[in-house]
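Chain nomenclature is as follows: A, B, C and D, assigned in order of appearance, with residue numbering initiated at 1 for each chain independently.
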């Protein structure tokens, strides 16, 4: 699967029905929309996917539905983030028989762990799970970032095939890239849409993108421009991405703002409802209105909004 | 039960056997030791109890064992902290038929929630659980602190009977006390051992204490001195508590340091092993040695250490 | 002078005329008001005094005026905080022939210094200045706090006679108190009004107070209650102080809010104008209105406001 | 001058003799070395230049010496950063008759100012000084960052000709670039060596560089590659810069580490002593040794070290 860890991976939302149940039809529509948009893989149950908030039953059903819709056209990575090793493995075991391509996890959260403890967490996961594992550097979720040196050590663990860097710090991204660039079959994905151009030009293999969830063409084109080494065009497209995000005015460091914001976009596009899991506040009419305006002001998106 | 929310509540550790299983005999010995030490209640599965790391099965067995040993002599509060409302309720339901006095929870974690969302979380818990609920202000776990104003609003929710303040900020503690002092049957517990004296003298009802786990007499005496309004003696005892913690040299803002540290103390006292849950690093020989020295240098503790 | 380092020290504002010039008559009225209020010393050019913003000429004139009005009735400490040793000494030398009791300084600012560098800064100041020096722990100004251990080392330096702790962290205050309590003739002053009661009961010698600038009676009474060991009354008075600050609604961690806020109070009392130094924003009509309401709602202050 | 605000501007150190006096000969040698290295301008008294620690007399002499050595071959910008408007203008007036190209300043420091206050500070400076002024976004010095929106407003002020962004946050840099790209004659300089490639490719006009102080060729070549749009080569050179910094192992967020580190490099190259201003700790033998090793391990630098 490892060669597949490149290109654009939407940080896929999980459409919800009442009582935090799965909106199956919404999920199917979203996945079909994304696959048609030319994306290269699906990142399920990341921080944008509310995976940690959903019941094991809902999670399992969501994976089944996604795999059916994807029908092996692109790889699907599934998040098993949890407070510690045991809890993460328990989350995996509920899904263990399903044929997704691999898993990812943030460092264990709730407690603040040392680097050696986080490394041990990933080693245990890689050993127990036995399919491709992507390390997910998310200091906003885990309170502590993975040091590039820790990531470099983890490249040596069998089964660990890549890292998604959501540090939001391009100095950190470059430091990771410098340390893993000579490791065969190890991929680096950028987790901040605003750092896509710089990261891809500097050698990242792909991006995990919130914008790709509702406007997949834009990051796909950006990724292609970067692959051609066309710095000018890559940054032109980056400015379009950033301008869109500025218009949407989601707090750049708030996962919650992104979760709700992406779902409002998808609702405006008629794909699923904007419902978010308890205790997140539901979208207000004002958020719907300002989101509609932001999308309508964006070339290439105006037509998709209801 | 509410009248019981006073005095000294050890932040009870969960003794572990291999593979994060429960050490039943250790758990029984620890509980007996604490009850004999004169404590007023047991705080189970707080951040010091590794509750979020343990399987539902281990959690259930631990509660059963504790309730058997306590035999209704003191109230037991059980933590159901989780990433969101659904997950917290799921943790509760595994224990729902057991006769503990009440539950507590930190704000939902992993994501950063707004005050109104956290309030909604506690309202949902209080409504669904139907037994006494204590709000647990822990900004280190939840990344965001409860504002005193939010706590004031929550005093009006049926079933919410108190707050444990682990802000570590005495200005916040005082602000909470000022806002809830006229609410009947609402208790404030201080969660930092180093702020016990000031909080009790300022009107707090009790403390949740790490020191009480291995040296219950010291915080019990401190609490009694404070109840008599004897500021001088209360601060003398506070200095003894703080001096002991200084000797132990646990990072004051690291839950992990306290978890492992308390367990090393209990191991040195012959009550249970120092084992901590995966992926926490296990105690080193050096930690055992320095902990032994710290305890032996402390009046009243020297004799208890092996 | 050292015995004088106790009781209530207002963090004295510097009344200003146009173009950041000194309002001499305002300064005289404020000092007379404070001395009559029963305070024990004057803290000039602290962070509340805008000392770092004023020209050497204005600073010198302010000290002269204050010393004339005080007429040796109480000691005056003068701040020489600056970016480094040379700049702090230069600030001192402009005042070196004036008969104030001693000086104080925050750690050097702009850069982030190591503990050993900050200690060296204070050693150099004590050596060069040759009059009593008070260390001023203000991590908000200096970006880095003085560790209690560093303060303990500085007690051994000739000429260093005390510390003002504006950490805002009562755990730090207690840690300082524990380390210096056996040092003869070394004083600890609490710099947060909201931590006055707890600090004095725990052994602090006095407070540097913003509230004392416009309502000196309240902290004076609080200090007296604490000296008598009357914890209950001390915390009753603390609640009055805190309630007043809550009504004033100044951001507790913003020096600027306190500077402007105190000056608005003094303006409402007819003592000096609310003018602040460039580039601080001047007080708005709304701030004047809400401040008047806050003071009028406070027992003992209603009558003093115009 | 404005067209000159491009290319590589070393964050020039100020060589010191005993008692924080100027090492004139060292200063001359450093400036000659830099001019010969192909740099495009000199950034004097930035955070790397210890400008805020030096006496007015030393500052004046340093500017005179630099201007003599430069002999109008390249522009010189001089820092007047201070705690507030009056102090910054006072620093300027000591130099006002000297023929440097323009000035720059961080936001006022010590206090935490609001955006509107910082904007007012720059407006007052631009108005009073009457020569080109560069805004210097340095949240590490000023504790608060300039919001891109504030910078956009300041582009309209007569005399303000550019911004140096030392946020260390490439998202912020891009946001500034997006807002000022259509402003004629307004320049953006990147202040972090590690963000040079990405910033220049994204449209920044130049860099203020610590590496350029001792290895000017590397950033000069990087800048040239970026101007040609050669993303691959630009990032190859960026990796060389970053690898060099990694070897030097200076704390990336510590001005002090960079100040001392750059001076140790220059000392090893025989240009000036490594002395830093009081109360900075002087370089240790260990720092000299490890710095020599780092330079000797770097292609193109090995030969310059003694």
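Note that in this section a residue touches a chain if its C-beta (ideal position, glycine included) is under 8 Å from a C-beta of that chain, and two chains touch if they have at least 3 such contacts.
All of these numbers come straight from a predicted model, not from anything done at the bench.
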| item | value |
| --- | --- |
| Chain labels contacting chain B and also chain D | A, C |
| Greatest separation from chain A - chain, by CA centre | C |
| Euclidean distance of C-alpha centroids - chain A vs chain C, Å | 50 |
| Chain A and chain B: spacing of chain centres that average the CA atoms, whole Å | 36 |
| Residues of chain B engaged with two or more neighbouring chains | none |
| Chain contact graph, described as a line, ring, star, complete graph or other shape | ring |
| Listing of all chain pairs that touch each other, if any do | A-B, A-D, B-C, C-D |
| Interface residues, chain D side, partner chain C - complex | 20, 47, 52-55, 81, 83-87, 90, 108-114, 116-118, 120-121, 124, 140-141, 143, 254-256, 277-281 |
| Residue ranges of chain A touching chain D (in the complex, touch as defined) | 168-171, 174-175, 178, 192, 194-195, 197-198, 201-203, 229, 231-232, 234-235, 238-239, 242-243, 246, 252 |
